[in-house]
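Each in structure tokens, the structures are laid out below.
First chain A sits with chain B, and in the next complex the same chain sits with chain C.
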Partner chain A sequence: MTISAYYYCFVGILKREMTRFLQQRSRFFSSLVRPLLWLAVFAAGFRSALGIAIIPPYETYISYEVYIAPGLIGIILLFNGMQSSLSMVYDREVGSMRVLLTSPIPRAYLLICKLLATSLVSLFQVYAFIAIARLFDITPPLMGYVYLLPAALLPALMLSALGLFLSSVIRQLENFAGVMNFIVFPMFFLSSALYPLWKMRESNEIIYQICALNPFTHGIELIRFALYGQFNLQAFSVCIATTLVFLALAIFGYDPKHGLLKRKAGGD
Partner chain B sequence: MTIKSAIRVIGSSTPLNFIGVFLGASIGFATPSLAEQVYVSNEKDNTLSVIDLDTLTVTATIEVGLRPRGITFNKDFSQLYICASDSDSVQVLDVKTQKIIANLPSGVDPEQFALHPNNKDLYISNEDNAIVTVVDTVKREVISQIDVGLEPEGMAISPDGKWVVNTSETSNMLHWIDSDSHELIDNTLVDQRPRHVEFSDDGKTLWASSEIGGTVSVIDVANRTISHVYTFKIPGVYKDKIQPVGITLTHDNRFAFVALGPANHVAVIDIAQQKVIKYLLVGRRVWHLALNGDETRLISSNGISGDVSIIDVKSLTVLKSIKVGRFPWGVAVKP
Partner chain C sequence: MTSAALHISNLCYQYGERLALDKLNVDIAEGEFFGLLGPNGAGKTTLMSLLTRLLKPASGEINVFNYSLNTHGNQAMRQIGVVFQQSTLDLDLSVSQNLEYHGALHGLSPKEVSARIQQELARFELGDRQHDRVRDLNGGHRRRVELARALLHRPKLLLLDEASSGLDIDSRANLNAHVRTLCKTEGIAALWTTHLIEELHDQDNILILNKGKCLAQGEAKTLQEQHKAKDLPALFSQLTRSVV
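Right, the complex of A and B next:
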């Protein structure tokens, strides 16, 4: 197997994801509407809810809109990661996924390509959102937009890997809604997306601990710090480690010899 | 230390880092800081905080009299006058030695004051006695005391030195005092609880904030009548919380900045357009404001949150909020 074959494979998967993204314009707009609604409606009502402490990476007082912007980027990545796994379940059901996985290229590589492709597509939406967010006075320094690229890509990979792993354990499309409720919403609400962790700690220490352990929190904090030109080593380390764990689980899940698919096939 | 760990220690400090640290240290020792300094009076700590405007850090804290509020420099910035309200005196700080060198007679409870362009006469409002005390800062004696309305507070002197204007919080008036005769010449009624007055650089307009009225009045100095009234509206902030206090104007008469007290915002007014163009979020109960020498930075004292916010005037964004003492009140910049 030559390097060009690997490259051809990656480009093929990326093109497929891009085409899907460009053809499903309604999906693009709906993925933007969700965070923009949070920003324009929810944040407007909660302007004074944030409190008054200055927390890193901010050096002064910020409005609630400014605070939740990184969390809303996280929402985009979270929903996209889950949506891509939803598409994997669908693809697998109608067969196109099986065609992809019969390629002679190692399955792990195929899955990594799929992760990268969905993550890169997510970044388009992230940049579209953050551009519109300027209208709401969310104006990080210009270099922040550059640092955002790698900082958003890593959580995008992490969440897509989680989605991929979930898709390997979900038997049917119908089961997916339940998993969304048990994974997406708890992950989002038990994070630093909507409130700073010190605020959580004020009300409940256990909830605070859960939030602090949630990898989604670390993804958001990585993005938050990067937007203001700072590097959060702890968040980076947690994201890298979690991505590798989810990826390994996904690869295991899609392995026809040992994986969960085999068990499911047997069950069917 | 093993050889391996020694190599690790050396390896962790790259040549560039080492050179940078060495040069930084040398420069630090060789030249004193030429940065502008911000002096902030901390009402509840009985101190002044000094902030380096380049590094945006507190470099000194100076013990002064009780309840320091209004502060202002003399013309050559060698001395800082401090209203030590509960000490019933105006203190003189020698800026170089950072020591109090004199206590001027000030009347009871001095709150705000203004130095006449002659660099000698200090006009002090005595909140509890409803008078304005005029002190000769050279002879260190009271020249005159002028009766004004109840609870005098704000004080400003026209750039030509002709007019001294005092606000009385309870009478809701601006009192126009002739600086030659020390006679009260006229009164202008403004909205409730006027706290601060400021002349434009050309001396043609006088700006007055009304804390309870929630407005800022612009007064035509030639006929001492109100020519325009500004109101403020911040999304998500109750109207009652918008309480204008400190005002500062740029020399080119382009912007007026108004501290909006418990609204925690500074309003930016485009003077030519007669319009509020932006509200800047700062700390809690923003009280007074000052511009630095070249007017690139605006500094606000935020009483309840105990910090000052540094604002970039060009981009109209808040750069940083710096912790100082408890209840920062007055602010003045030394070039």
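Right, the complex of A and C next:
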């Protein structure tokens, strides 16, 4: 296989993800409605209840809407990661996953392409959200929009890798309710998406420690700092490490010697 | 002298304690149409999964045009085109989008893929359906699209896992005839698995599989003579002790 063959393969996978995404307009709108509802309704209610101190990367007092914007970007990425996982499980159930897995291109490369393609699709939604968020006075500096691109891509990769890994261990579509209850919601609520960690610490040290360990917290912090032109090394390192771990687990899971394919295969 | 398109030796696979394939040996020559006959649960789909690297053999060797699936899997997979028992088309994409995706997964350039799509769709009389969503096609057309897709990267070995299941009698016969023509005219080898005896001819080399074991292998007519069976259904019934 030549380098160009690998390139055509990536473009093909990206094109398929984009085509499917554009065909599912309801998916696009629902992915925007979810964070916008949080912004318009939840934030309005919490604004008066929660006072936000001056914490990095902010240099002045900020409104609650400004505080939760990175968390809402995170929720877009989180739900997209789970959506891609769901579609992988669906593809496996209906059989179309076999087209991908019987390609002569190395499976690890195919999974990385799938991961990258899913993450790039997520970024479209992120930028659509952040554009609409300007109506709510969320106006980071202009360069923040540029820094957001790599900063959101990394958590997108991390969450898509998690999704990919989950798709390799989930047997049936029906098990996805469990994923929502035991992974998505805890990941979101036990993070810095809705409340700063110091506030969490004031109320409960254990929950604070869990939030601090949650890789989703670091994804959000990476985005939060990037939006204001700053680089958070700790968040970056945690995101990179977590992405690699989940990716390695997913590649292991899709290896016919070990993973679900072996357990899932029919007996005929 | 023809080289072996597919050489399988002592292939074994088991699901936990249950043996799904037991020391299977198969040789298929270039341009040969080979029938793998077995009742449900015989191990046909397991064999297909092993041949397409969806499963890893417990022991044994698989070679595709002298490429070992174990050590040169990617080169071996380039020689193989597959039609699975269960449809693997993306229903929400159009016919040509499905084929483009497959071409990309084989590292073909968009220009090359585009030209090959036109050729394959013309061959299967699907040229006017290329922009239709697969969801809108009937079962027979979907199968033809799957066959066109399996041929897109110019494989030398076609694996067809109960490819005619779910089709009406005419569509089944057409699909079978298409594959036989490909073997004759283009030298493609085909492994056609089925539980429908009428899809195989007396001149075909066949293997009868039951509960993971090879019960008989050779030319269908010769096997009938050896086992004193009046026809292929009688031979199959005699060997598998099942009602045909």
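Here is the rule we go by: the second predicted complex is superposed on the first by the 262 of 268 C-alpha atoms of A that agree within 3 Å, B and C clash if a C-alpha of one lies under 4 Å from a C-alpha of the other, contacts with A are read in each partner's own complex, and residues count from 1 in each chain.
Following the convention adopted for this analysis, a contact is a pair of C-beta atoms (placed from the backbone, for glycine too) under 8 Å apart; a residue touches a chain by one contact, two chains touch by 3 or more.
Owing to the predicted nature of the structure, the values given are computational and were not obtained by experimental measurement.
Undergrad: Specify the outcome, clash or fit, for chain B and chain C once both structures are aligned onto chain A.
TA: On the shared chain A, the partners fit.
Undergrad: Now for A:A44: first (chain B), second (chain C), both, or neither, which partner does it touch?
TA: Once the two structures are laid over each other on A, A:A44 reaches chain B alone.
Undergrad: I'd like to know which partner A:R201 touches here: chain B for first, chain C for second, both or neither.
TA: Neither: A:R201 stays clear of chain B and chain C.
Undergrad: Between chain B (first) and chain C (second), which does A:I54 come into contact with in this model arrangement: first, second, both, or neither?
TA: In the superposition, A:I54 touches chain B alone.
Undergrad: By residue count, is chain A touched more by chain B or by chain C?
TA: Looking at chain B versus chain C, the one contacting more residues of chain A is C.
Undergrad: After superposition on the shared chain, which partner residues are touched by A:T139: those of chain B (first), chain C (second), both, or neither?
TA: A:T139: touches chain B, not chain C.
Undergrad: With the two complexes superposed on chain A, say which partner A:I62 touches: chain B (first), chain C (second), both, or neither.
TA: first
Undergrad: Quick check on the superposed pair: does A:R34 touch chain B, chain C, both, or neither? Answer first, second, both or neither.
TA: Neither partner.
Undergrad: If you've got the overlay open, could you tell me the nearest Cα approach between chain B and chain C in whole angstrom?
TA: Minimum C-alpha separation, chain B to chain C, in the superposed model is 44 Å.
Undergrad: Would you tell me which residues of chain A are touching chain C in their complex?
TA: Per the stated touch rule, the residues are 1-2, 4-6, 8-9, 11-13, 15-16, 19-20, 23, 94-106, 110, 256-257, 261-262, 265-268.
Undergrad: Note which residues of chain A are touching chain B in the complex, please.
TA: 44, 47-48, 52, 54, 59-63, 139
Undergrad: Tell me, which parts of chain C touch chain A in their complex?
TA: Chain C residues touching chain A: 15, 18, 20, 40-46, 49, 52-56, 74-78, 80, 82, 84, 86-93, 97, 100-110.
Undergrad: Please name which positions on chain B make contact with chain A in the complex.
TA: Per the stated touch rule, the residues are 235-237, 264, 281-284, 305, 309, 317-321.
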